[in-house]
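What follows are several structures.
Paired with chain B in one complex and with chain C in the other, chain A is shared by the two complexes that follow.
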Partner chain A sequence: MSQRIVIDPVTRIEGHAKISIFLDDEGQVSDARFHVTEYRGFEKFCEGRPFWEMPGITARICGICPISHVLASAKAGDGILAVQISPTANKLRRLMNLGQITQSHALSFFHLSSPDFLLGFDSDPATRNVFGLIKADPELARRGIRLRQFGQDVISYLGGSKIHPAWATPGGVRTPLTEEARADIKARLPEAFETTRIALDLFKKLLDKYGREAHIFGNFPSLFMGLVGPNGVWEHHDGTLRFVDSSRNIIADNLQARDYQSFIGEAVEPWSYLKFPYYKPMGYPDGCYRVGPLARLNVCDHMGTPQADKELSEFRSASGAVNSSFMYHQARLIEILCALETIEILLDDPDIMGDRLRADAGVNQLESVGVSEAPRGTLFHHYKVDRDGRLEFVNLIISTGQNNVAMNRTVAQIARHYVRGPKVEEGMLNRVEAGIRCFDPCLSCSTHALGQMPLEVDIVSADGEVIRRIAR
Partner chain B sequence: MGPTEPTGPICDQRRPEAAGLLIVAYGNDLMGDDGAGPALAVQLGDDLPEGVRVIIRHQLTPELADDVSRSAHVVFVDARVPDGNLDAVLSPLVGHGAGAIGHVCDPASLMDIARTVFGAAPDAWLLSLPTSSMALGEGLSEIAADGVQHGISLLRQHMRSLGYTA
Partner chain C sequence: MAVKTLTIDDKPVSAREDQTILEAAREAGIGIPTLCQLSGVANLGACRLCLVEVAGVPKLLPACVTLVQEGMQVFTNTERLREYRKMIVELLFAERNHVCAVCVANGHCELQNLAIAVGMDHVRYSYRFPKLEVDTTHEKFGIDHNRCVLCARCVRVCDEIEGAHTWDIAGRGAKSHIISDMNVPWGSATSCTSCGKCVQACPTGAIFKLGATVAEQIKDRTRLDFIVTAREKKQWVG
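Up next, the complex of A and B:
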């Protein structure tokens, strides 16, 4: 009798989700699905509001990626005003995004995934968390928290300490960087660099131990998409979009965000609220693409900073793109390194202390698309407004959603290797979940919902009968 | 509604330089009454006794443990899932957290981090506020709005009892 195993909900990710694993008559995994089970219509909620409010409103979709939404929304607003923001405003926005990348990646690596690496995928789930990590390596845990704090403080220095800093606004930014803030950020950079180097060295050593996981966790050919800057440099805020294939052949380049509907389609499956974006010219699901740190490192030609470029050349496969989703973790650390190097450069740039912060303009265009690289991947905000600037249409394409097809493939791939029949060991389930954690998904954003979840596993026969349920 | 008297806290260790009262108000003001904590912090205003500091957050995150460990006292202010009780409740924070710290964490787990990573944790209380709905939307229900006023009253009384006076 065919059976289905459900992991419901998945832990240590943001939002509500569950995993179903389908077994065939021989107890082998025939398929697996990553379901998102919560939905709230955030886009509808925004209609009728002035577009000026959108950076502040969309930032409150989620407490995890507020900066990403602020920046993408402000860029969409720039388009409605039809203005080019000042160099100072642009560099300050970039500084804030680099702070966001640093803090978000630090949390993902040190607190969400390191317990798996350092304590083992099969270790006791009761202690396989940040407290287990603290016990095993208190200095690493402390450093991880301080690195995240560094990124958060870069954000706070710019955006203030309010709940969500709608500091970036259509036309620019609201306040400058102070000399005191610049000095403090600079003073704390050495420790941030040191922590990142420690983490990179640690992860590279762990790859010897987790070679099997690296080989199995979402290791398949797919497309990759991300922003690239001039000369193909790693980009996180400006630039144009590029797709590469699994051999790093460029299949589309210099794409403009405003044309996203011509190259990104969104499929719908009845078993998930999360849509399935795909590269339109290749159709669904063949047009599966990945976004985020791994994709950004695959699409760029170079990082643009010396230490990160050295790491990139070591990271890259000689034969093409890095295809294992397990390598998202290392990609995150390389991005932190690049972010820190770029912050250091920006802090010495005379423009960063400029006082030309914001362009004044009214509604000059009725439609605009803003794009930015969130820590988890490319983020689109698409607005249509009336002549008074009231929103008539809002569409958000979120990075986690764009990894949906790939996350499903990852779950299936891991399940096929580790799950044999309905007798499922906890370590097997954790590996399936860890495959999802490679992507560091934020389901609050991608479903425009909010919340946090516990975990439940169902094993269901092909005729729909739940024959086993595991809750934790 | 009468004030709820706090009983003893769970303080076990402090940083030598730890000082002041930290109020950490958190919640999402786009989710109806979930925004009660931040609403209380805003209504509390800037006219606070010396040594009192307020942090407003969408949710609790691990790095807040550093701020917590530098304080002599801390009060977490959060919306409470509807439970039939229409009062704000101030109670000492006891026990350990769930340990599932990631993108968000609970106050007790934050205290655990303060203690284990930063070596100190202050006396801590949780001020929980009544709610009726946490659906998508802005503004507080009448129950939550009344709860915020009651919470402010409890908090001001608590500040005085700890020696924080204007």
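Up next, the complex of A and C:
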């Protein structure tokens, strides 16, 4: 008889989820699913609010990446005002996003995922966490925590608080960078660089040991999407969207965020609160694409900073895109390096200390789409307002959601390799979870939506017949 | 003018006969929490936060509209009053949709400060979650009825200081709400002079400058008092 193994909850991710693994008569994995079990409702309850409030409200979607929402929302707001923000405001927003990328990637790598590589996928689950890491390698753990703190402090210097600063507003930003903050960020950069270098070298060494994992953790061809800047440079705030395929052929370029509905579709499955976006021209599920660090490194032509460019050329396979989701980890570290190099450049930019921060305008457009690259991938905020600026429609397309199809494929791929029959070692199940951790999913973000979502449990026999359905 | 002597919280106090218990208490350095009271405009007794106990009077009296009397024994901080005040603040929170975290007045809100002052750590009543509108039709300001506590400060400053009388209260009981002119959108209220006094007067984030984001709406209520003092005392005239 067919059986189902459940991993609930999935640990060391942001949010709540479970994984179901379906077994056939022989006890072989027939399928696996990643269910997102939390539910929010932001798109609905924001209706009627003035759009000026949206950066502050949507920041509350997430405590890990509030900045991504603040920025995408402020950009959507810029569109409603129909203003071009000042160079200072733009550079300050970019600086904050780089702080955000640094802190979030440091959290993902050091706090959440490194216990798997450094302590071992099969090590005791009781200590396979950041506390175990602190015990095993206190210096590395301390460095990781301090790197995250550095990113958080960049955010806090600008926004006044580490989480949920409603600092970017439609039309610009609220407060400038102080001379004291600039000096402190600058003084702390060398340590941040050093930590990132240590982590990169460590991860590259570990790749020899975890060759098998790297080979089967979500290693499949798919599309990749991300923002790119002028001349195809790595981008996180401005620029246009690009899709590449698994061989890094550009299949669509110079796409504007405001046209996202023409190239992104959203499918719904009854077994998850998370929608399944796909590249529309290829349909669902063939149009599966990945976003986030791996995707950004696959879509861009170069990083735009010397150290990160050197790492990128080492990272890239000769034959096209890097397709293993395990490599998200390395991509994350390269992005931290690039973020730090870019912060260094920005701090010396004459515009950064400017005091023209916020454009003032009324409602000039009734519809707008804002986009930013969140640590986990491309984030869209789409608003429609009435002539007085009250929201009539909100659609948020979240990075983790766009990786949903890929995460499900990853889970199934890992389960097929490691799970044999109902008696499964804990370390094997941890690998299935670790597959999800590659994407550093943020489920609090991705389940912001309101929609019809019946909860259903299917028990599926080996011949595909639904033998029992539990629904509510 | 005759002077009355009384005790407030057992402290002997003297006050002019036209003074209220609230004024006498404040002069004596005794704090009584208030919400609808605003220096420069008439007292209304709407919020009931300043209720005090007076010896020999069975009911509680609002200190802002009760005049002092000879020999009065006033108690401002009894267990019973503390409990009622907390209850009033909880009811205010339960009545409409106050979401401090994303409010323009967060950190500068009199309702929020009161909740802290009375020790409100949770609300014992079911929230009503009424569906209320945000009016952003005015070119400079907005009013979010979700955050309104019906203190009528806006009504009074507009009427008594600006002399426009744009604001009023319509409806009864739980259906009471602030309206502009004859219940038209604020942007269409022809009596409004866009002076912004109601913005400064509003104790919460209900009336705000358009474009304000979280915690950005800081209000300066001393300006209202300043205008009234300047107008009445005319210290710079002649």
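One rule holds in what follows: the second predicted complex is superposed on the first by the 446 of 472 C-alpha atoms of A that agree within 3 Å, B and C clash if a C-alpha of one lies under 4 Å from a C-alpha of the other, contacts with A are read in each partner's own complex, and residues count from 1 in each chain.
We take it that a residue touches a chain if its C-beta (ideal position, glycine included) is under 8 Å from a C-beta of that chain, and two chains touch if they have at least 3 such contacts.
Being a predicted model, the structure only gives us computed values, none of them experimental.
**Q** Quick check on the superposition: with chain A as the shared anchor, is it clash or fit for chain B versus chain C?
**A** Partners clash after overlay.
**Q** Touch check for A:Arg356: first (chain B), second (chain C), both, or neither?
**A** neither
**Q** Classify the contacts of A:Lys205 with the two partner chains as first (chain B alone), second (chain C alone), both, or neither.
**A** Neither partner.
**Q** Classify the contacts of A:Arg174 with the two partner chains as first (chain B alone), second (chain C alone), both, or neither.
**A** So A:Arg174 only meets chain C here.
**Q** Report for A:Ala166: first if it touches chain B alone, second if chain C alone, otherwise both or neither.
**A** second
**Q** Scan A:Ala141 for contacts with chain B and chain C and give back first, second, both or neither.
**A** After superposition on chain A, A:Ala141 lies in contact with chain B alone.
**Q** If you count the residues of chain A that each partner touches, which comes out higher, chain B or chain C?
**A** With both complexes superposed on chain A, more residues of chain A are touched by B.
**Q** Which partner chains sit in contact with A:His215 here, chain B, chain C, both or neither? Use first/second/both/neither.
**A** neither
**Q** Scan A:Asp388 for contacts with chain B and chain C and give back first, second, both or neither.
**A** The second partner, chain C, only.
**Q** Touch check for A:Gly48: first (chain B), second (chain C), both, or neither?
**A** A:Gly48 contacts chain C only, not chain B.
**Q** Is A:Phe131 touching the first partner chain B, the second partner chain C, both, or neither of them?
**A** First partner only.
**Q** Can you list the residues of chain A that touch chain B in one structure and chain C in the other?
**A** Chain A residues touching both partners: 57, 60, 164.
**Q** Which bits of chain A are touching chain B when the two form their complex?
**A** 11-14, 40-42, 45, 57, 60-64, 66, 103, 107, 111-112, 126, 129-131, 134, 138, 141-142, 145-146, 148-149, 152, 161-164, 442, 450, 452
**Q** Mind pulling up the chain C residues that touch chain A in the complex?
**A** 101-102, 104, 133-137, 139, 142, 187, 210-216
**Q** Along chain B, where are the residues that touch chain A in the complex?
**A** 28-31, 38, 55-59, 61-63, 65-66, 99-104, 112-113, 116-118, 136-137
**Q** If we count contacts the way the header does, which residues on chain A are in touch with chain C in the complex?
**A** 48-50, 52-53, 55-57, 60, 164, 166, 169-171, 174, 360, 362, 388-390
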